[in-house]
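Shared chain: subunit A. Partners: subunit B in the first complex, subunit C in the second.
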Partner chain A sequence: MKFDKLLVLAAILGVWQMTSLLVGVEVLTPPLGTFAKIGRLFADPDFGGHVWETTRAFALALVLSLAIGLLVGLALGADRLAAEVGEPMLTAFYAIPKVTLYPVILLFFGLGFAAKVAFGALHGIIPVALFTMAGVRNVKPGWLRAARAMRLTKLQIARSVLLPAALPELVAGLRVGTALTLLGTLIGEMFASQRGLGYLLLQAMERNDPATITALALLLTIFATSASALLLALERRLDHARVVA
Partner chain B sequence: MKRAAAIRWLLIALLVALLELACSLRWIDPTAIIPPSAMLMGAMKIVLIGEWQRAIVETLTTVAIAVALSSAVGLLLGWALTRAPRLRRAVDPLLASWYAIPTFVFYPLFIVLFGLGRWPLVAIGFLFAVVAMTLSTIQGIERVPRTLLRAAQAMRLTRTQTALRVVLPSAAPWLFAGLKLVVAYAFIGVVAGEFILANEGFGHRIAFAYNNFDNRAMYGAILLLLVFVATLNASLAGWEKRLLRRRGLR
Partner chain C sequence: MNDAHAKLRGVKRIYRGVGKQPPTHALGPVDLDLKRGEFLSVVGPSGCGKSTLLDVLAGLARPDEGTIEFEGKLVQGEVPDGIGVVFQEDSSFPWLTVRENAGFALARAGMAPAEIKERVDATLSFMGLASFAESYPVQLSGGMRQRLCIARTLVTRPRLLLLDEPFGALDQQTRLLMGDELLRLWRETGATVLLITHALDEAAMLSDRVAVMSARPGVILDLVETDWPRDRDSRIVSEPSFGAVTARLWSTLRGESMKSMATQ
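Let's turn to the complex of A and B:
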């Protein structure tokens, strides 16, 4: 199992190295050169500040995505009519290229920190809401009837029936939401920022500096993949627990 | 269902009216957001003048190529992965975290690989969409009820027959969901690529209007794009529902 994953990793590195040799080292930096570049980036005293800036914006955007997404998902999932009214609107919004809305966000929040947090959250809220809603709607009607028979209040139903029953879907939503929030935050930083990893990326693109582009892409990919793998493991465990129960 | 649709349209109309009111009463800075009526005028102008026709055709063609490629490759890849569970488990974390990778940072590389113009954008749309189709295909194939497969075995269906008559119909809802995602992601990938880096296409035109403070053209174009993509998705969803109902599944 571990061995297989190492094989896949080796295959990716191999393809990367081959492509790099084919198109030229100055177009695509090979793996070793990229690791060396990452080392040099971390040695640069300015780099820590950029990482911190992105981390801060991402964390804030993620908290917002979760809180708002969860609320919207619970509210829409708890009521059949609300779900039928709201779901197509959410999916429609999910499916549009949100980059095009960037000018609107900028005009609203101004240049800087607020705009990229808003843009990150904009990407994250919808998947969290959609997954939460699906989870809540799949709760067995019998449980809800039981809860009503026991005269639980709406808040109590949400806390002790809906949330635990929909937990696997919530974690799935969190996983997708995390990935998209990171993407949104980075895109936000690319346009309207003087700081952060997205800004460094855009700068490297404009200067035609593939070593930096590859190094940043690798760093972000490693971060995103690990976060996602962790959540996926949690999701599987919860799903398994539900099946057993 | 009809009632839900009516409420939805009413809600949208209410929001639009509110925005119109807020704009005409100057609650919102008119340099930030223009009233919906002005957006509509901008959109009409784009459609009627036909000045943007080349950009629209360009973008739609690019998206169509990306959709065709990524749904075909995604279907094959998903099917292949269900046949090779060991490989599937090994690449699982990669597939699951695919959408966290900022695909468009590879655009400079794509330009070198594919030359300037349409193909690097197709590559971005493809990379963005293909994994959605792969994941949906895996899900669909895995959730084919065991009893159906056992019945197929008992009736001595060949592999091709099982695939075409049992697996495909049973997985159809997931495949369709995958296709919907593919269309959406291909649009997102292509338009975002155009917005950031291209010098032609609809996304580029929006960025251009934004940079020139041409709010009317910008909001008009955004409106057109949103309405178009939403309509496309809604018709795909409608088609899906009809298909399911014909099979008596819903």
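Let's turn to the complex of A and C:
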């Protein structure tokens, strides 16, 4: 198991090294050069400020995505009629390339912190809402009837039946929502900001500075994959009870 | 004085239609007394209001007319202490083990873990599920899952046990054996049992009395006493009087089933 993962890691590094030799180190910085660049980035006194800016924007956008997505999903999931109307609308909206909405966001929030938070949340809300809806609809009416027949209070039903029944979907929504909120926040930073990792990335692109681009991409990938892997592991554990053969 | 365990008087249930649908008069008026400790079955064509009857009797739904009393107190939109329900569909919780499922109600009621364990162990072995205590419901067969639902209700030691076609999904042999288990359970717990079923032979074999319901809106057309001894079992099907009981049930039910088929 552990050996497998090391093997995958070694393969990725190998392919990376080969590719950069093939296309030229001035186009794709090789692994070692990238690690060195990451070291230099962290040594730069300004870099911490950019990381902090992105972290703050991402965290706030994530909280908004989860709160609004959960509320919308619960409201739509609890009522069959609302779900029938709401779900196709959400799915359609989900399919719109969000970048086309960017001017509208800028109009509302102006340039800066608020705009990137809004853009991040815009990406995250819908998947969280869709997964929450699916979770609520997973609750069999028979479970609720059984709970009432066992004289549970409303609060006990919410805690001991609704929550565990919907939990795997809620965590899946959290996972997908986290990934997309990060994406949205970074895109927001690239277009409407003077601070943050997205801004650094755009600047590096304009300067044609592949070392910085590769270094930032690697940092973001590591963050996104570990968050996703963590939530996926949690999801699998929660689902265990339903899929054990 | 009437010492009925549960008493239904003029009970009616009408489902309001969604949107432009007309309302459905599903049940009643029904008058019925459940005697303390008896085994009473309710048979009727499908869609005649049997599950609806169970819902209002259990307090899961309010009747639109009439009253229900359990142990001398009115039942009003809430399941009273002392009533246990086993539903038609499998309602075991898939995220809990068999043991956790069985102890669910007791844990929510705040019982001490040691006492829960004792009761759950006893009930699981009574229902033949002891060796599956740590399994999850998906790992059980349909019959075992239904036994788990019965166990989950039994641990609360209900004085009135309501069962809604609990063996509906099982094959005939398993049904007969489950019937024997149900009789044993009824004798050993001393509970009053109301069993809803669409199977005539099941009703005739298990019950002290059988109520025959009409096509929708379900009313009680006939109440048949069987006079079986208390320590009966499924072998009673070979008694000559068993044929007489099923014949009487069928003579009432035949016309109703035809009406019910014509409207579906």
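One rule holds for everything that comes next: the second predicted complex is superposed on the first by the 223 of 245 C-alpha atoms of A that agree within 3 Å, B and C clash if a C-alpha of one lies under 4 Å from a C-alpha of the other, contacts with A are read in each partner's own complex, and residues count from 1 in each chain.
What we mean here is this: a residue touches a chain if its C-beta (ideal position, glycine included) is under 8 Å from a C-beta of that chain, and two chains touch if they have at least 3 such contacts.
All of these numbers come straight from a predicted model, not from anything done at the bench.
Visitor: So in the superposed three-chain picture, is A:V51 touching just subunit B, just subunit C, both, or none of them (first/second/both/neither)?
Guide: Neither subunit B nor subunit C is touched by A:V51.
Visitor: Using the superposition on chain A described above, determine whether A:L186 touches subunit B (first), subunit C (second), both, or neither.
Guide: A:L186: touches subunit B, not subunit C.
Visitor: Could you say whether A:L71 touches subunit B, subunit C, both of them, or neither, answering first, second, both or neither?
Guide: In the superposed model, A:L71 contacts neither subunit B nor subunit C.
Visitor: For A:V63, select first, second, both or neither according to whether it touches subunit B, subunit C, the two together, or no partner.
Guide: neither
Visitor: Touching A:A134, do we find subunit B (first), subunit C (second), both, or neither?
Guide: Neither partner.
Visitor: Between subunit B and subunit C, which one contacts more residues of subunit A in the superposed model?
Guide: B
Visitor: Under the touch definition given earlier, write down the residues of subunit A that touch subunit C in their complex.
Guide: Residues of subunit A touching subunit C: 140, 142-143, 145-146, 148-152, 156, 160-161, 164-165, 167, 238, 241-244.
Visitor: Report the residues of subunit A in contact with subunit B in the complex, numbered from low to high.
Guide: Answer in residue numbers: 1, 4-5, 7-8, 23-24, 27-28, 81, 84-86, 88-89, 91-92, 94-104, 107-108, 175-176, 178-180, 182-183, 186-187, 190, 201, 205, 208, 210, 213, 216-217, 220-221, 223-225, 227-229, 232.
Visitor: Within their complex, state which residues of subunit C touch subunit A.
Guide: 58, 60, 78-79, 81, 83-85, 87, 89-91, 93-96, 104-105, 108-109, 136, 138-139, 149, 152-153, 156
Visitor: For subunit B, which residues are in contact with subunit A within the complex?
Guide: 1, 3-4, 7-8, 11-12, 29, 31-33, 86-87, 89-94, 96-97, 99-102, 105-109, 112-113, 180, 183-184, 187-188, 191-192, 195-197, 203, 206, 210, 218, 221-222, 225-226, 229-230, 233-234, 237
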